[in-house]
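Residue numbering begins at 1 within each chain, and the chains themselves are lettered A, B and C in the order written.
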């Protein structure tokens, strides 16, 4: 049943891709898929450890800039550069798990906001790698077996494969001992310690995996839209990725996919009025926190459980 | 040559004082709200910016007189703050760990406000320079200072002084501090904590508004100032200690001077970077800050 | 004066107080004695309005205090000095006293009350400018009691005033409470350490696991070897 729902959500952009044959809609479907990947990775942290990582977009940005640098300056193949960039992101994730050892709740989120702001400043002020506020344009599309850029709609299918792999991987992880351990830590940290669980180690592992997925999304994003700029990886993006997970339903596999599907296309549909997107996202953040803390899918599950 | 250096030193001192005092004002508002309600008001920079923009709109664009432009700005922001408290913030008062929900909500509100500014003011201009209500310079040997900046400095100092006096000497001010220091004992002394929460939010917002208007009087505004001010004032609050107005004052001045000194040699962003590092270090070493209990 | 009837207090699934009846008459000193977690603090908090009882009633004088908030009860003269930290540590002694009289808007009346409190605790007059957080535990407890008195109580409730204090200071607090009773104040006192309570109280309730085990006069309790053994010999 759950697999069916997941398949349906992931298939929605694919239907758009093959059914509508409209270049713009195909592009938006690709964007939604990348955000599904990001939201699923963020869910691993927020949904399964309860920490709100406002550094998430920054981590993705590091991988994006690194991948772009490796491909455009050093001439590496995208498919070699992407894992390197993502590994770098995972390494940064390891470092970012350090605050979580000492800080909880609000103070962890605040430290994330600070670190994310430092990332943004760094992206702007090291133009040798990032070209500053202007950003790097004409980033080439990922290449296929023939050495040329993968054309749409095949590229979107590749993105869908990434999403499916990530969701399957996270789903399996959650059923494993590791996943149950994470949930124990989230529900009651003291109890977890009393049970002899190494809280720090498990949480750090979650950070590394989640950051790796952020990195994958970052590299794919920059090369898919052909552009990398500091604004694409700032604190608002972190916040809005959090919103996708929270609105869809934290701690579930379907929730983040649903949230990304509903929210990610907005900025591209409102490209003439980006400020309207900010208002809509902001209102959604307030409403979700007030009225729908368990998210849409969590709400559906709860109602079903009641009947 | 020597004289030139002296001039630089003096201008650093004066601009450091002015910027630092305005930082202190805004950080004091933030710290007051956080200390009393456990509400980290991440939209405070947008409130600050909104105050400056409305002041510019009324006073400069529509050429209203000061006595109308300033109170109208306060009234509009006060009404919005009141509505926000009554519809949103109030719901979280019973929760112990409400500060995380508040951080997310106020970030959301910051995004809404920032979007609205872009969609409205952003279409008019990139920078917003308030027409000076008085022209000319005061010469404080050997540096000339624009009257507007001198006025902004004096007023910002008065806001801080008034706030400290209010918290020390007035019955309600003492009640605010009592709630911050010991919520339960405060309730047992007959202090209605919910009313104090609302009052603290409105007072903190009013102080932020005053900071925004004074900043607009002394410097030109642009739409990115909101986020920068949020970051700087959060750093000041964390380093100085949430709830401590004295902490906000001291650290605010230190940060202001840092900004002024760094601006002489390098990009002011380097200063922002330094604030962030200071805040991060403080979060790790002593989350209650330098000046709090 | 104070009447608790069939009071039940729950925190979620935890039953803290299980049907307690208790009365305090005008001019009495009444002690509540019991081990840690017996429900003493919950009883006093319910009387002061910090905790909402699950069922049962709290009556003060002629008034039924059903949903009254702490400030309303305070205005009626029902004052609680809470356990351990009833003070504001970053304020001076004087400011703590002023906050104690928060509901009183007449400066003359506040000045009168401060004078009275200074007569009771002369040390607070000498230390009026000192930051309370820098004082010793005993002095902080005096500030807490003094701050409670600033609200001009008819019934003063004290939650474990002797906890963590040296015997000399406990004796001094006992003397002060005796003097307050002589001035006509009614006092309800909860104590883990029975010594202070047995020294000054007229009547004592022994509370255990949320129920009243005994309700007797102090004299008859002190004749009971079982009580003396379980509550006085250890401490």
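Going forward, contacts are C-beta pairs under 8 Å (C-beta built on N, C-alpha and C of every residue); 3 or more make two chains touch, one makes a residue touch a chain.
Every value quoted in this text rests on a predicted model; they were computed, and no experiment measured them.
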Where centres are the averaged C-alpha coordinates, which chain has the largest centre distance to chain B? C
Quick one: most central chain, C-alpha centroids? B
Could you state the distance in Å from the CA-based centre of chain A to that of chain B? 33
Round to the nearest whole Å and give the separation of the Cα centres of chain A and chain C. 56
Starting from the mean Cα coordinates of chain B and chain C, work out the distance between those two points in Å. 42
Can you list the residues of chain C that touch 2 or more other chains? none
Out of chain B, which residues touch more than one other chain, so two or more? none
Once bound in the complex, which stretches of chain C touch chain B? 48, 50, 69-71, 74-75, 79-82, 85-91, 95, 98-100, 102-103, 105, 133, 144, 147, 151
In the complex formed with chain C, which residues of chain B make contact? 171, 174-175, 177-178, 181-182, 184-192, 293
Could you please specify the touching residues of chain B with respect to chain A in the complex? 40, 42, 88, 91, 97, 99-101, 103-105, 107-116, 118-119, 122, 231, 234-235, 238, 267, 269, 272-273, 276-277, 279-280, 283-284, 287
Spell out the residues on chain A that touch chain B in their complex, using ranges where they run on. 52, 99, 102-103, 105-107, 109-111, 113-115, 117-118, 121, 124-125, 236, 239, 242, 273-279, 281-286, 289-290
